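Listed after this line are the structures, all set down as structure tokens.
One chain, subunit A, appears in both complexes that follow, with subunit B as partner in the first and subunit C in the second.
Coming up: the complex of A and B.
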């Protein structure tokens, strides 16, 4: 950004051209490697993968797999974020809660969500409940920890000013501490969105009956490598799109919380 | 010279008092923390007793004795060593590759534009999705598992490194140039040291990712490892074993993270004011 000068508009097009060039080169290299390997089962060409992708998208039943996975991500992400803000906010505001829960949170955070698939399926059964549990688990901790950090990084001078003007502790909390934590919460949520995608695929592969993760796993068993790659590409595209949408929406909608920050 | 020494000792003394105060505060909080953790443990035990099936929902007592059994029989230590070795080798290779990629894409706009589509797309493809291709290409041995860990570490480190290279204060670069530093000198004496804090924070995230990925990779097939213990527990519907493995895993991940932060503070402190001042491990 800081390098944007008079030629910035020009550079934007050059950059786009370079992006496209890089992708084209990679696809060409992939095609060459696949032809050289000459084994479609192990190393399909980009064209076969593209046609497999077309098959997946035109087949209503398999197209639904993508929607199923996306719905799991969205629901789990929303629940997990809300819970994360609540937990992080509680830990950040009440000292006795912090002393009790913080070590527990740090411990649970370092256990991977995927490892909970097994207990979750034993308790909640194979199905929606345990998949949702995994996604919620994956999203809670980044949000909680970022909320906590945000609550401790409040600009001291603003708090001092509010106190000088006679604001109550509750008032300070509501109108200074919480708003200044919003950028941190948003960052945590953005991280969590990525984790939600990762964990939902893992959960679907291990304990699912449908969804993109299951599609990938299923096509491996049938040695349908092209469909497997189609699933992987689909996943990357969906994740990238979700991330872009999230960052645009939050920057537009929450712009006032970023006031005074240069690098948004 | 004497002025800097004085400033430094003054700083050290201030740090020491601050650290002592923090330690006192922690000691004062200890009883509350302990009581809280006891309440949580008792609650867990009560819920598990009420559930009534220790195989399916073990309490802390059952889990603890299974954990002890595993530790003394050498089951859990062997599995932990296998998992940790995978994590370390994958993390090392992945971080080196990530630093290289990040340095390249951070120091030239053209290279950045060429690399960014890949970094952006691969970031959102979870390592587990590559499990099947990795099996096909690299076989079911150690290579495919380590490759997955390399994959989880590379992009985080690359993105962070690139951000670090771009965030080098321009005045520093100008000063070095004014004093006639060659581009190579500029890179090794200014750009690389200034971006080290970013690189380290990338490696720290990658460490966490590696601990996640190794379990998944092992759950889908390995000879030994904590992930294998978890799968075995499922096969026998014995959640006690799963819990013991989970606790070991969490403890290892937590210790690795803390150890990394400690090492960084001790040996990497001079590269970053931030790790010394705000990198408080809470």
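Coming up: the complex of A and C.
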């Protein structure tokens, strides 16, 4: 973990300045490209999109679309993570389950969640059920596989220590192997959070009647490219913010599970 | 629960307690053994130091006594009974700090063994408090391992071993990663602690001075692979021992000579350890 040393404040400002510079350059390139293309309908300038974003945020009905999508992300992510820890934990703990389920899990995780949208709508209809299924599908496998990996990284000396005290296999598993896997589980969850944002938008376009994905898709009818970009900006900002919050909260809250990893 | 082992004898006896009998060890498929024909007896209540260069198989011997690994040939017994696996009668203090559970505070780390042994809660509380006082960590009991210095972490390990009252302590270079000052402090603390408890200790180090401060007897290992026990030397220095004393310096030279001789032994030499 990088604890702030002396001079860290200086670095912080330098990093922030570089970040702002990168964003400015991107916006400038975008603006240049839009001017060169010279067709606001096909390729709006950053300013047009920003004003469209302002329109979306000041319209209560459209502003709610962001909350609807965020709720789907949070609920699907929570369910998928819980299921992922359970499945990965079971595969990682019981050998017979591993032999049975592991190939199936590796098959399923290779199929993009997007491919399931259409079958999902046939089974679960257009709406919340299908959307939840897709987000859970997208989030369950990274968590399951990282949990599984964490459980196979046996902390040798911790387990040896427990064995000198005659600890049972169950106690060793519950009080040493599982807590040691926490950093792996958190890494899987962080990946999944990103996948939740990606999959929910695709699902909303095909199987949804609201949400940011639907807003983007719906804008095509009016050829409202500026609003499409406004939706993309919202998704990017929300995803970035969610990732930062998740990372800070887990590293602060679970610091003790990370400590000692760098030691012998 | 087994009653606490309190050896009333003031001095180590001559009785063999842990017997390492003609042990060789090789990893499966490896042509070169790590240990060859090591025989050694630990007497009840003695502080035995195994001294040797890095990579000579000292830790391998300790792992066999702890029961983590089994000898390829030969046998190890304790109190006449063969050692077949790890057990609460042999507490281990590991080389690094990675045996501490980072998600538990100092108190809970020390209590871990008692919980595994299903000691009643009141008894656990009493023993943990006592052990923490012994290693002077009672003020740090709420802290987590990553908040402690290297020396404090090793004291947590010592408390964790003391709390279960194991008759044998196996210590694998426990002070190797510490700065010189902390190391000498902990050496003196351990010497005092051992004198009060009279447990049997197998202590591994490559530091001659450490061996002289702590050990009743010092076993000098040859370099690996196929390491042997070259010789066992008595350490008659009176306790508490002073690093500056003339006798200390003299014995230091003797041990150093033995270590040098052990390093330069011809590969085929088959002289049985004395």
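In this text, the second predicted complex is superposed on the first by the 253 of 264 C-alpha atoms of A that agree within 3 Å, B and C clash if a C-alpha of one lies under 4 Å from a C-alpha of the other, contacts with A are read in each partner's own complex, and residues count from 1 in each chain.
Keep in mind that, in the parts below, contacts are C-beta pairs under 8 Å (C-beta built on N, C-alpha and C of every residue); 3 or more make two chains touch, one makes a residue touch a chain.
Not measured: the values here are computed from a predicted model.
Novice: Both complexes share subunit A, so when I overlay them there, do subunit B and subunit C fit or clash?
Specialist: Here subunit B and subunit C can both sit on subunit A without a clash.
Novice: Is A:232 touching anything from subunit B or subunit C once the two structures are fitted on A? First, second, both or neither.
Specialist: It touches subunit B, and subunit C stays clear.
Novice: Quick one: is A:205 in contact with subunit B, with subunit C, with both, or with neither? Answer first, second, both or neither.
Specialist: Touch status of A:205: first partner only.
Novice: What is the contact status of A:167 with respect to subunit B (first) and subunit C (second): first, second, both, or neither?
Specialist: The answer is second: A:167 touches subunit C but not subunit B.
Novice: Would you check which partner chain A:40 touches, where first means subunit B only, second means subunit C only, and both and neither mean what they say?
Specialist: Neither partner.
Novice: Once chain A of both complexes is superposed, is A:158 in touch with subunit B (first), subunit C (second), both, or neither?
Specialist: The second partner, subunit C, only.
Novice: Any idea whether subunit B or subunit C touches more of subunit A?
Specialist: Comparing subunit B with subunit C, the partner touching more subunit A residues is B.
Novice: In the superposed arrangement, does A:22 touch subunit B (first), subunit C (second), both or neither?
Specialist: first
Novice: Using the superposed model, determine the angle subunit B, subunit A, subunit C defined by their C-alpha centres, to the nearest 10 degrees.
Specialist: 80
Novice: For the superposed model, what is the least distance in angstrom between any CA atom of subunit B and any CA atom of subunit C?
Specialist: Between subunit B and subunit C, the minimum C-alpha distance equals 6 Å.
Novice: Can you check the complex and tell me which residues of subunit C touch subunit A?
Specialist: 66-68, 85-88, 90-92, 94-103, 112-113, 116-117, 144-146, 160, 164, 177
Novice: Inside the complex, what are the residues of subunit A that reach subunit B?
Specialist: These residues of subunit A touch subunit B: 2-3, 11, 14-15, 18-19, 21-23, 26, 42-43, 95-96, 99-104, 106-108, 110-116, 118-119, 121-123, 148, 194, 197-199, 201-202, 205-206, 213, 216-217, 219-220, 225, 228-229, 231-232, 235-240, 242-243.
Novice: Any idea which subunit A residues touch subunit C in the complex?
Specialist: 155, 157-158, 160-168, 171, 175-176, 179, 182, 255-260, 263-264
Novice: Can you list the subunit B residues touching subunit A in their complex?
Specialist: 29, 32-33, 35-37, 39-40, 56-57, 109-110, 113-118, 120-133, 135-137, 170, 208, 211-212, 215-216, 219-220, 227, 230-231, 233-234, 237, 239, 242-243, 245-246, 249-251, 253-254, 257, 282
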